[in-house]
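All chains are identified by letter, namely A, B and C, in their written order; residue positions are counted from 1 within each chain.
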Amino acid sequence: MKLVINLLQALMLILGAPLVRGVISRVKARLQRRRGASIWRPYSDLFKLLRKEDLVPPTSSVVFRIAPALLLGATACVAAFVPVVWPIGLLASRGDLFLLVYFLAFGRFFLSLGAFDGGSAFGGMGASREALVSSLAETPFLLALTAIAILASHADISGMIGWTLQQSFFNISTVHILAFTSLAMVVLAETGRMPIDNPTTHLELTMIHEAMVLEYSGPSLALIEAASAVKLHAMLALLIGLFMPWGMASSYSGGELGLAFIFYAAKVAGLIFVLALIESGVAKLRMYLVPDFLGVASALSALAVIFTMLVKR
Amino acid sequence: MGLVAIATSKILSSFSVFLFLSILLLAVARRISTNVLLFGVQSAVITAEVFATGFQEKLAEIYVVAAMVFVIKVMLIPRAFFVLTKKLKTVHDVKASTTPTQSVFIVAFLIYLSYAAVQSYGQEVRVPEDGLAAAVALILTGAFLMVSRRKALMQMLGLLVMENGIFLAALLTTFGMPLVIEIGIFFDILVGLLLMGIFTFRIRDTFDHLDVSKLRRLRG
Amino acid sequence: MILLSSLAIPLLGAGLMLGFANAKIATRLALLIGAAEIASLGAIVWQVHIRGVLQEGRYLRADGLSAFFLLSIAFVFGLVLVYSSGYLRHMGEGRFTSARWFYSLVFLFLFTMITVCLSANLGLMWIMMEGTTLASALLVGFYNTEGAVEAGWKYLMVCTVGIAFALFGTIVLYLAAVKDGVKSADALDWLSLMTAAPRMAGDGHLLKLAFVFVIVGYGTKIGFVPMHSWLPDAHTEAPTPISALLSGVLLNCAMYALMRYDAIISHAIGSGFPHALLLIFGVMSMVVAGLLILVQRNLKRLMAYSSVEHMGIIAIGLGVGGPLGLWGALLHTFNHSVAKSLLFFSAGNVRHNLGTLRMDGISGMSRTLPQTSAALVVGSLAIVGLPPFGLFISEFAILSEAFTQARYLVVTLFLITLSVVFGGFAHHLFKLLCGQPVRQPERSRLIPSEYTVMGIAAFCLLLFGARVPYVFRVLLQDAMAVLR
């Protein structure tokens, strides 16, 4: 029974990801006083891409061909770590917060390799930029998670969520606020949203993630798009689980699970709205300012870790 | 009035967190208007804390002080800054001498220092450690802002943040000094700001810029 | 009533002055108001001597110490007022640079300083101390030149930050007092704190913390190194009468405030810690300022650093304590004010007759400006501490007390610095006075307002060098009794 529910959680994350993407685009469009495309549009995009032909540059090697699959595989594993309605993920184990960070890094690594392998100039540019952003984002990511882990005295995500569930909402601690701010900035950087990267840009020189996938087409592109959507959804779910998990089910009853699902949907909707607001309201940072942005995130997360020692909460 | 009591206790236990966040954001804000807004938010948090203290200690004087803080520091001073910025027609950039990353690390270190300082004196006075550490951190951050920001307006703002810290320390440890003295202190701050405003105009008129790091004619 | 009237006269005078646009009428009115104020201050000093402590309401009190400082303020202010009546002929007529604004701000400045000396409440003293900064900032930047604006801004900023630290120290002291049972309404009253001081001995940590912040804060206004950065600029760029007021009166007021705090803390935890701090700051100020005097190029800046040095000497006097140390320090505040005023008056004359204060641009002054040169020589001999001038007596008292207490390091540094300063002044004066005159001045004689005050100042210095008048000795005894 536990297995079924965990499997359903992971599938919810994976299959619901394009929907999250679609809702974000729709909300952004509404904020910009446009009608916007339907929220199911990413699904039809994915199906369309799956039917198309997969064109491969003649100079590329096998890396180019397997990178999308590796990326999707790694991201799907990440989705399996993160709980949605039930405090324990499918692949939960001790120390899985490190696994989470490094599975994401693994996928990103192969995507960058594939971009290099594609042989286009923009692929190389995007990959090198992505390397900069992700190397700088790794520190705050790990430190913020570590800070919460120290507070919760658990090194696995499920344990941390379980601990947070027992805290009262009003005991806002400095550590949590700092870790949340830092993790939010990391989420923006990792998933390639504003102000780090504009996901809807068509100007190649301003791209980071999009530049890496310029050479891909057909099913490979579908896999990559799906992977980035799953990554976004998983990280949002991680934010919700670590900082606002109240409402998660505590027993196997269908009623509680249904209620937990509704709570989760509401929280995701809230986060989506905030994300859309940020994306519509902030200008993209120039590349040399991105290290400053992530440096602030690093400082905040380092402070969070230091505060776990000072604040006995 | 159970709800008010709950709100009061929650405010008193968590206000220092928001003050820390405000000074961290002050370290990275790059436009004068953002800085002034953050100062306003910081003063609003302090006002809430003063009201909460007044409710808990049941002293009427503290309500008056809270009202003064609100009117002067949340409404008057930010508005005066905005008017001044517009009249001076100055560039919005803060002209910091440290990058945002460096500033945040420095402020983080200052926060750590203030906790260390409060640890040694915290036993002498029966004060919540977080609040006193927040006050000392405000003072240190105000000094840091005055030193590292090269615009005259930002030096004024650093001074105001420092005054916020001192006021908060006074409030937390002594629940306010005699009312007359508090009023006198506020009056002093207001007149001081007025004079500094006059001087910024004079600096702009004589030097054609507001960069105080270039005011180095007198040396030795 | 008498205390309140001495406060009301300058305050109302400040407002009244703004109504008189004609410079001549404004000057005469200012002299009148000044005379009234000096008379009122003299009356206070007399009353305090007869009746002991005067108290009006909860916030105003005059005791022996206040009386001494008030007398000093009255004397120097009188000299400055008479000098400015002639000095203002040099000033142009700008929108805010007119005689009425000058006198109005000067009276406001005087009001704040007298209130500092008459405050019974440490909080009021702080408020008025900050008030002195605010009142004098516009005076420092009076000429609106680049240098004046920069000096005024630096003055405003550095002193406000310093005073903020002093506020923190005052709060910590208040906290300690309330903790030890003093009623919160009385915990800022100086007399109540003095009587309650022995009870506060248990809070040594808090009191030490308070004193550190207070000495850093008020020390900024006094001009202790390393908080002195505003002083040379402000004293150089301000108009000459204002420089004399800043050096002669404001620094003394700040020292007065520090003395009040020192008394409380010493009564509570013994004078070891506070006096050690005073000695450290005093020696640092004296030595650093003394060395910097050697490399000065601007006449008024030279005198500003000399003020820093003498404030260091006064702090050393307070720090060694004892009967002679305190006596010497208090007498030195007065002597230094008079000598510094004389020096600044001569500098002002140099400025307006030769057009510059840069010492490498002036030479042969003994031939072109004989009277001013004489005043400059007299003032310099006095300020370096040579007999037969008054500063010799006060410095000698401090030195002998230091010797008696076997503080040989302090004595050595003191004597070395005095020699260095003497050498520096001699060197600068030789360059100014001897040699071929570079430019011809407008006029080489002093006008009555100038030579009267310079003569009075020189006479006073000689008088105090010969024998401290009986009146003063009595006042000094009263002042010292207050601090015991």
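Methods note: a residue touches a chain if its C-beta (ideal position, glycine included) is under 8 Å from a C-beta of that chain, and two chains touch if they have at least 3 such contacts.
Model, not experiment: these values are computed from the prediction.
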Self-check item: Least step count from chain A to chain C, where 1 means the two chains touch
Solution: 2
Self-check item: A-B or B-C, whichever has more C-beta pairs in contact
Solution: B-C
Self-check item: Chain at maximum distance from chain B, centres defined as averaged CA atoms
Solution: A
Self-check item: Chain occupying the middle, per Cα centroid
Solution: B
Quiz prompt | Whole-Å gap between the CA centroids of chain A and chain C | solution = 67
Quiz item: Taking each chain's centre as the mean position of its Cα atoms, how many Å separate chain A from chain B?
Solution: 37
Practice problem: Please compute the C-alpha centroid of chain B, do the same for chain C, then give the distance between them in whole Å. | Solution: 32
Practice problem: Would you please write down the residue numbers of chain C that are in contact with two or more other chains? | Solution: none
Exercise. Within their complex, state which residues of chain A touch chain B.
Key: 170-174, 177-178, 181, 291-292, 295-296, 298-300, 302-303, 306, 310-311
Quiz item: In the complex of these two chains, what residues of chain B are touching chain C?
Solution: 121, 124-125, 139, 143, 146, 152, 155, 159, 162-163, 166, 169-170, 173-174, 177-178, 180-181, 184-185, 187-188, 191-192, 195-196, 198-199, 202-203, 206-207, 212, 215, 217-218, 220
Exercise. Going by the contact rule at the top, pick out the chain C residues touching chain B in the complex.
Key: 121, 123-124, 126-127, 130-131, 133-134, 137-138, 141, 144-147, 149-154, 156-157, 160-161, 164, 167-168, 171-172, 174-175, 178-179, 184-185, 188, 203, 205-206, 209, 232-233, 236-237, 292, 295-297, 301
Quiz prompt | chain A-touching residues of chain B, taken from the complex the two chains share | solution = 10, 13-14, 16-18, 20-21, 24, 28, 99-101, 104-105, 108, 111-112, 115, 130
